[in-house]
């Protein structure tokens, strides 16, 4: 007698709209996900070889970096967690004076994540990698239960070839160095905050998420004596400046009127009572160069789209380690401090 | 931004500063009540522009700072319940209670949500009918109309899962208490501009007369504050003690009537403890009888009066304007925004926090 | 305390005065604001906003007075300088 049975095994059928735990299991569901979403975008000889690791031909000295990316919401005006991951890694390498070459990307996905959202993020990563001239050569995929991963987490590592002749680090900054900022601040943090729907903002603020290797490599190629570079991320301009000064055991002065902030970013900060100096960025950096190299530095930076608004904002001076004083147009001066704790909107 | 940038013009600021310098003939102490004014003064270095004869004293203008510790503890208790959603303005999350703060409760899994407007909390209540939604209603008179509207809406819609934990404070009684103190050396006041936007400034005439102090209703931008100081100094030099309105673009003598009407319906004047200062009679707002059903203290138990452990923190003296943050031996060393000993360092509007942020570590270093 | 900032009313909605709202532009960021306490507010007015509520319509004429006072102070200064020079 024919037995009528219905397939009830939990392996999902093709065309599933959300991520299931099985997708991270290493079996057929995983393969299907990798084939439909990841492999078309992250193509390349290393990935095609389907080894556990990538064999790379890279001569030293080498810069190596790693980062974890967590952001809510996963997509925001100007980018998504994927573009953040690629550009963030590229920028960390660039700040070491290295040409970024290869990236690894490990994904932890939350069960229930929309597959279409994942596809958009992965596609954007592929585009970002091509734009930054880096290759994603190896990766990993895991899925955790609902509620354990805020949508998704991405961890990257990156390697690049160091091209700077001398080390680029805070200890090389010297009294008299000019501090150059590559562009306006506060966009990323405010774009993400505005996108969190409970604030109800309508605004055209877009994240400044972008790769910074090109202008940096141009400075190095031109023979500019770059003493230090720092990309502005969480904690904003304030944290970058204070960190460099503290490590260098030097101080710095800043002209507030020289630090560009877009009108709508300033407005969003005013509404929430936040200081633009402490708001996150993802496509800006500061460069410390000797005064005599300032004009050429500005000239080179302004030739690149991402740093076309570059300007000198301050100077390295002698003083208490880590003290960054900012002069305001009123003539008064305030001390810039690093972000302390979480940034919370205030009414007061 | 219009009505912002033009009030930050440096040349105009220097003109006011020069006018003040030309007008003073002897030392004067002027208190600015509002934390927002303290913030602006320290951020723009306005006190650095003034002649040495004029001393600005920072008042207890930080409702976050003065919220009694018992209310913070009650908030923490409610937030820790599994059936509740605790909503608050961002400022309150870092304020230390007896043992911990709301941020820590959130980290442990408590449903604590930051809202921009009190109406957002009402919306959360509508969207979560099976949870108890409690809103931390703190602030001066400036915030009272908004908080009142949240209660008013909840009542109109018959929400049964929404309540407010109310710890509002009123400014004029605090000014009286400060002036009553035998150690008070305050000659004149810059009254809090936005409080007066709501309440008007009728209440200040009796104060000016009783204590013979000029009171100038002042705004928050650099030019506002400098003009406020100028008008105050001018009166002091002339021996006058009048109420003047510098902030006329936003303040009318009678204030905002519709806002006062709703406040009167939803709130009533109560006695209130000011953290660091003590009890000031008739200095707070609580819910009126008609709104008792929306009182979180009715639902979750009354707030206990707590006795604070005495440490080296001098926030009470700072709030009263008797000491400056830099007078405190712990300032910048054992007490920082990261590890605050008292409320004036916790709240971003607190005088100690403002000093630390803008003058900060260098002041601590100078004191060494 | 009392972080209140000025914004421009772009549009309004609602008939019931206590429930009326407006889209307010704060220099490039637009947010919906409650107009319950400013029943007289109209499109094109600047309002002072605190925690999502407009607390007052900003009086443009009064706003100018700060600068008029400054002018007068400037005149006094000029007079004093010319007196001193004599």
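Labels for the chains are A, B and C, by order of writing; each one numbers its residues from 1.
Note that a contact is a pair of C-beta atoms (placed from the backbone, for glycine too) under 8 Å apart; a residue touches a chain by one contact, two chains touch by 3 or more.
Only a predicted model underlies this, so the values are computations on that prediction, with no experimental measurement involved.
With chains reduced to the mean position of their C-alpha atoms, the one farthest from chain C is A. Across all inter-chain contacts, the pair with the most C-beta pairs is B-C. Here the chain at the heart of the shown protein, by mean C-alpha position, is B. Note: centroid distance chain A to chain C, computed from Cα atoms, is 39 Å. We define each chain's centre as the mean of its Cα atoms; on that basis chain B and chain C are separated by 22 Å.
Measuring from the averaged C-alpha position of chain A to that of chain B gives a distance of 38 Å.
Taken residue by residue, chain C touches two or more other chains at 1-3, 5, 26-27, 50-51, whereas all remaining positions touch fewer.
In chain B, the positions touching at least two other chains are 1, 4, 35-36, 62-64, 89, 116, 120, 139, 143, 349. Counting partners per residue, chain A has 200, 263, 266-267, 270, 273, 346-348 as the residues that reach two or more other chains. If you check the complex, the residues on chain A that touch chain C are 194, 200-205, 262-268, 270-271, 273, 346-348. Taken in their complex, chain B has these residues touching chain C: 1-4, 6-7, 12, 15-16, 18-19, 22, 34-36, 61-64, 89, 116-120, 139-140, 142-143, 145-146, 149, 152, 192-195, 197-198, 223-224, 227, 230, 246, 248-252, 256, 258-259, 262, 349. In the complex of the two chains, the chain B residues touching chain A come out as 1, 4, 8, 10, 13-14, 35-36, 42-46, 48-49, 62-64, 89-91, 93-94, 103, 113-116, 120, 139, 143, 222, 336-338, 347-349, 356-362, 365.
Across the interface of their complex, chain B is touched by residues 198-200, 263, 266-267, 270, 272-273, 320, 322-323, 325, 328-335, 337, 340-342, 344-348 of chain A. Chain contact summary for the complex, chain C toward chain A: residues 1-3, 5, 23, 26-32, 50-51.
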